[in-house]
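The data blocks that follow each hold one structure.
You will see two complexes here that share subunit A, one where it goes with subunit B and one where it goes with subunit C.
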Partner chain A sequence: MAFYVVQFLTGLASAASLFLVASGLSIIFGVTRIVNFAHGAFYMIGAYIAFTLTERLSGAFGFWAAIVMAAFAVALIGVIVEMVLLRRIYHAPELFQLLATFGLTLMVEDLVVLIWGPDDLVGRRAPGFKGAIDFFGQNIPSYDLFLIVLSPVVLGILWLLFQRTRWGVLVRAATQDRDMVAALGVNQKWLFTSVFAVGVFLAALGGALQIPRDAVHHAMDLRIIVEVFVVVVIGGLGSIVGAFVAAVLVSELNAFGILIFPKISIILVFLVMAAVLIVRPWGLFGRPEAPARKTPGLTVNPWRPLTSNERLAALVALVIAATLPLFAGNYALTVGSEIAIFVIFAVSLHFLMSVGGLASFGHAAYFGLGAYGVAFLAKMAGLPMIVCLLLGPLLGCMGAAVFGFFAVQLSGVYFAMLTLAFAQIVWSIAFQWVSVTGGDNGILGVWPSSWAASPSHFYWLALGVAALVTIALRAMVFSPFGYALRATRDSLLRTEAVGINAKRIQWTAFVIAGTTAGIGGALFAYLKGSVFPDNLGISLSVDALVMVLLGGVETVSGGVIGAIVYKALNIWLVSQTDLSKLVLGGFIVLIVVVFPKGIVGMLEMLAQRRRKASPPGSPLLAKPIESAE
Partner chain B sequence: MSLAPPLLAVEGLTKSYGGIHAVRGVSFSLRAGEILALIGPNGAGKSTCFDMLNGQNRPDTGHVRLLGEETTGRKPREIWRMGVGRTFQITATFATMTVRENVQVALISHGKQLFNLWGSAPNFDRGEAGRLLELVGMGGYADRPCGELAYGDLKRLELAVALANQPKLLLMDEPTAGMAPRERVDLMRLTAQIAREKSIGVLFTEHDMDVVFEHADRIIVLNRGTLIAEGSPAEVRANPQVQAVYLGEGLLYDAEHREGASA
Partner chain C sequence: MRTRNYFVGAAFALLAGGITHSALAQEIKIGEINSYSLLPAFTEPYRKGWQLAVEEINAAGGINGKKLVVISKDDGGKPADAQTAANELVSSEGVAMLTGTFLSNIGLAVSDFANQKKVFFLAAEPLTDAVTWSKGNKYTFRLRPSNYMQAAMLVEAASKLPAKRWATIAPNYEYGQSAVAVFKKLMSEKRSDIQWVDEQWPPQGKIDAGPVVQAVAAANPEAILNVTFGADLVKLVREGNTRGLFKGREVVSFLTGEPEYLDPLKEETPEGWIVTGYPWYSIKTPEHDAFLKAYQAKYNDYPRLGSIVGYQTIKSAAAILAKAGSTDPEKLIAAAEGLSMPSPLGEITFRKIDHQSTLGAYVGKTALKDGKGVMVDSVYKKGSDYLPSDAEVEKLRPKD
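== the complex of A and B ==
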């Protein structure tokens, strides 16, 4: 019995940091409507700075002063980020805000390694809370008891701040209707900045308070952000009480999940999240989001199928690509195959994102599932390559069918958070379930059959599949289903009013995209000869997003161009620098801020500008209505 | 009187929120080809009533029947499949698609081709889409991106989309809200003409009394959730209760009253 009580208390103690970070995220979202993906990064910087300061400042006072100073220092960094970056993108589409803050996260990951080195850092114990308390023969660290008391105290302080101060009233008002608050003459700029600072302060405090419990390392940002997303999805984005309750719930599920499913403890959290989503899609304490004031799209450029000339040009490009083995060496062919595979991956996400308006932040899950599907079939069942290639992607298909069902119940930022959380769950399973997946060691020796073994043959295979997949998905954009999917993206109200079951359309699109990504993953497993958890990791998901964004979200063929340019650049970049995340992150931020239309979008705009040199009368001027009599 | 069920029969519709009765025991019916206006001051329960007809909202008690078939408790998309077209107070269209594509989406849905992955959508029922657009005077706009249209044109596009499943009944929530006076008259004339030609029943809510009295065959008046009057425009105009609701509690009365009091 005592053991379970201690386990319960450990769970409560872990909830403290989770609650601090999640409440910060919720407060920022409430006012600015930005889901700050970089929140985990601020948490991590908080931990690193606190580590450095606690090492410098001695004594009990020095320790606690260091913790608070670290939080303030990070809040200051937050203010700078808000003023320099976020102010430029408050009016950008949601996806771009998510991506910009994600880019920031990537940059921070490399920066902390640059400053503090790649090794785990073990911090000082907290003065006054070094020992443990004996509880019927079980030890409870006294620092845990401190954390257990701390989170309700912080909740109380936040409550007072929001209920009893003028600033709190403004924040609550802005959460309900920020345009109205601005119309009443409140300086919105500083309100947003101060809210962001408070949110970042909470995240950094959460990180700083963690150092006596856990080592500080450079991957802690992603770990916490995924848990925080799960917390806000369960608790309801924008609710601080929800963040508190859900943080406790998730931490307890983790604490007891380890006892029930030691290998795949994360399953329990997933099941609870799924149940909450079915019963209350907006979280336990959240409110259904009023349909956001539609952000005007970047362009209203109607899509059309390729003309016969353009088809010919695409065919010529394909033929030229197919001649690569005639003059290129083996390394170039392997790079070529990889690019072809990433074209498949990118167009599959592009279909979901551009046509369906569903920005998945965890698309690599289905790519990786396809790869694992092949590895299982090839290594365990010993099936021949052609069978594996056909059946392997079905694992991606099944994963997309299960997760997609839940994901399409939500939209916008919730959809993004949920797909990311799902991907992380799949990653954890691949990582933890060592007996089946090989864990970190992966599955080795997945080699192609002899007919596809030579680099040139494999290249032709990958190129052929990429061409087929691209053609098929493009045909689908202009199929009746594609129209219906675009319709769900543009107006849910209208789709329902013309008899369309939008969720089912979106679910189908999710499964199509997931299966297609699985095809890419299946080929990838054979290209590399092995499968690792990284094949479904977050950085691969981000790669896919950047490829789509680079090519142009609002174009039909952006995925292809984006994949080719990005992958070529990426392979070159990795060979040139160790700081690829820093460069990549900076690149993402740059695209979002100065180059939001992507390559294909820019080309289209230039072409259109040339065409519009002599406008045939403004389309905005309505023709007088003919009398109907 | 024939024994066939009316196009739309509403019986004892009731909805309350907490202790507030938004709609109480509302009953009326609508014949094919008839244009019926639902009017009433703000807060009378028009929107609640409308939402219960189109499936957005479920009544506490009462029934809605379309040609004798129960629609209560069905989803909006199911009610659409039973032959009910809709337009919204604030237009809802597919902004990144062209005008023709907007109509084609409705036609694809009507033809149950939503999950057709391989057909050609640009050529889907192009003729019918063109005819619908001609019908509402939008034939020349077919290839325009919908996001570029003026508001009055969006309203006409919505009408074309609503007609795509050859509806028996059109539900129009404040069809002329936000339009210029000239456009209002044209849109309602067009609607009335189409309704009579195709024998479609039209139920609309409206604040503009000129539009209501000119185009409605019959008017029903809601006040505080109950039906207080029903009849031809002339009858409703002459109804003292309606006058009391629209004028009696209005500014005009108050102003006179206050002047009288101060004098």
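== the complex of A and C ==
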């Protein structure tokens, strides 16, 4: 019995650190709607700075002062980031801020290694909380008890802050309806900055408090960021109490789960999240989001099919791309094939995100399923390449059909997180089912047949498929189905009012996007000759998101350009510099500031401005084209 | 405007291709791939190690009079990126052979690439047995003692312990799984009275150490096998120390004696664990002294195990290239099979039968000295003594 009590307390202690970080994220999201990918980075910097300070300042007072000072220092960094970077992009399309914070995270991971060196750092134990307390023969670390007490205290302080201060009232009001708060004359700039500072402070405090029990190292951020997101979503976005309950729930399930299934930790949080979201689409303590007040058809430039000139230009570009094998070497061709495959992947997500308004955080699942589909068919059934390529993506299609059915019942960030949960479940199956998938050692030897083996032939194959897929999806955008899908994106209520079955349309779009991603995955398996659980992993899903956002969400061809730019740059930087993350992150941040609508979005805007400015005689002529839609 | 877009894209694609270098006649290039950005704690000393080797080789006149050049690429910890890098090194840089890699799945991916493209590959670090056995191929050789070898070394010591009730803690991925599987198999062969009372599989890099320690303690084992390393090990040790998990229990632990993983523990280092590792401070052989002196002179830092691996990888590659007198992969394979050479840890041989080198490891006990973790009573175990019989290896390895 004593054991179960101690295990329960241990679970509570684990929950404490999770809660501190999660509460900060929840507050930031609730008010600013920023999906703050850099939250884990702030947590990590907090730990690093606290490490340095605790090593410098001696004594018990020095230790605790160092922890608090570290949190304040990082909060200050947060304020600078918010004022310099995020303030510029609040009006950018939804999720665009994710790109900025992703860029920051990349930079921080390289920076901490540059500043603090590559070794794992182990800090001091907390003065006064070094030992353990005996509980009927079981030891409970006193630091755990400290954390167990601390987290309800923090919860209480936050509650008071939100319920009893004017600032808290404003924050709660902004969480519910920030447009209304702005309309009532509240200075949003400083409200957002202060909220961001408080959120970052909590993250850094969470990181600093890890010093006595963890090692400080450069991958701490990734270790916590996804789980924290999950906790926030389970609890309900913007709800502090929800984050607390979710942190306790997840930690306790883990503490007791490992007694029965020792391998459960790897997937537990995602199972819980999927279950909670299917039953309660807004998390345990969340409330349904107020219907968006944005005007239908927010896009600055109404979409239109390419003009014949532009079609010609695209064709010329394609022909030029197709002549690459005439003058480029094998390496360039293989990189070309990889870029073409990522164009397929990016346009498939772009179709879901831009046309359907459904941002998936787990799109790699369908890419990876396509790849595994090919690997199973080729290695187990021994089918020829062409058959594998045709049938392999069906696995992606089936996965998308099953998961998409549940996912499209939700919207916004909840939709995104449910797709993430499904992707992680698929990933863990691939990772754990060693006898079938080979686990993390993957399936090797999936090489193309001789007709496609040479780099030039494979390049033409990938390029051809990429062109076909892009054309097909574009055609779909301007088909009646595409219009219906865009209608569900712009106004769900009106769509249903005119008799369109919105959920079915969205589901269909999800399946189309998943199958297309599966086609990309199938080609990828043959390009690499092997399939690994990585191909379904979070980082690949994030890559796809970054490509779409970089290209421009509110454009038709953003996915294509985003994929080409991001992938080419990524491969090139990794090959050229040891600090590829720092440079790539810096580049992304720069793009975010300079092109807040993405690359294509910005170019379109410039083009439109020029069109408006240059021919003064023909405004009437220009107008019909613009308003053709 | 859109037109220009596409051109920009096409230009980028071309740019990424780079320019194909033609190898100069006076140079021999080796392509090296490792997870530099993902695992700097291991790969930084590793890089220093191979850079020292390159310097020494060229100072001694290069390889048959040709200058050795190592071109190094980061794989970011992703198998797919490792293959892109391998492809660049082979197709674009024209390297004579590939070396490196740390993670097992990346080692396997590059090994499969080498087999497909018929390129010589010397795997430095990946520990999985599959590299030389179940997924072995004729183009792939491996330097470090495999999972099986390290398990066999530890089992030799562990089977002498009186403990009968054993629990295991291992990261939940291939390395942890196969380390536990081999250890269990070899232990049970030697001792029929062993009971396996609990196993814990925390996710790699994400151990929730408190509950794990508590769960293991609840099973009340007499001895524990640990396979976690890096930050997970730190958390496990700290929780285990506070909760008294290791008190009165024997612990056998993979890799913990390597400075990369032992040094961060500082005064928390648990005493008396039986570990594999690299006690650079207590190795007193002329070969190692020479290496240590050169390393400390160049970097003003002590070597980690990664330094040895990096150094010996390039030294081995150079020896193979020198003996082959050619960069033809078939000739390199012929030269490498059965080739013996000196190393800082003593002579090693690349076995003909499975392309595994006989590099060994030190087995010893952890101890605390002046607030630092060290290995004591360490004995060098030759790799050749801890490999299964040739007949068994024949069965494990597919025919080329």
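We adopt the following convention: the second predicted complex is superposed on the first by the 465 of 629 C-alpha atoms of A that agree within 3 Å, B and C clash if a C-alpha of one lies under 4 Å from a C-alpha of the other, contacts with A are read in each partner's own complex, and residues count from 1 in each chain.
Going forward, contacts are C-beta pairs under 8 Å (C-beta built on N, C-alpha and C of every residue); 3 or more make two chains touch, one makes a residue touch a chain.
Predicted model, so just to flag it, every value in this text is computed and none were measured.
In the superposed model, A:258 lies in contact with subunit C only, and not with subunit B.
In the superposed model, C is the one of subunit B and subunit C that contacts more residues of subunit A. Of the two partner chains, subunit B is the only one touched by A:479; subunit C is not.
In the overlay built on the shared chain, the residue A:329 is in contact with subunit C alone; subunit B does not reach it.
Judged by the touch definition given at the top, the superposed model places A:382 against neither subunit B nor subunit C.
When the two complexes are overlaid on their common chain A, residue A:508 makes contact with subunit B while staying clear of subunit C. Residue contacts after overlaying the shared chain place A:497 against subunit B, while subunit C stays out of touching range. Within subunit A, not a single residue is touched by subunit B in the first complex and by subunit C in the second. Subunit A contributes residues 3, 6-7, 10-11, 13-14, 109-110, 113, 118-122, 130-132, 138-141, 143-144, 212-215, 217-220, 223, 227, 251, 254-255, 258-259, 262-263, 265-266, 306, 309-310, 313-314, 316-317, 320-321, 324, 328-336, 338-339, 431-432, 434, 439-442, 444-445, 447, 455, 524, 528-530, 532, 534-535, 539, 557, 560-561, 564-565, 568-569, 571-572, 574-575, 578, 580-581, 599-600, 603-604, 606-607 to its touches with subunit C in the complex.
In the complex of the two chains, the subunit A residues touching subunit B come out as 294, 297, 300-302, 304-305, 475-476, 478-484, 486-487, 489-491, 493-501, 505, 508, 554, 619-623, 625-629.
Here subunit C touches subunit A in the complex through residues 1-10, 12-18, 20, 36-38, 40-41, 43-44, 73-74, 76, 78-81, 83-85, 87-88, 91-92, 104-105, 108-109, 112-113, 116, 128, 130, 135, 172-174, 177, 198-203, 205-206, 208-212, 214-215, 217-218, 230-231, 234-235, 238-239, 242-244, 260, 263-266, 268, going by the rule given at the top. For subunit B in complex with subunit A, the touching residues are 54, 75-78, 80-81, 86, 88, 92-98, 101, 104-106, 108-110, 113-122, 124, 137, 140, 143-150, 152-153, 156, 161, 164-165, 182-183, 186-187, 189-190, 193.
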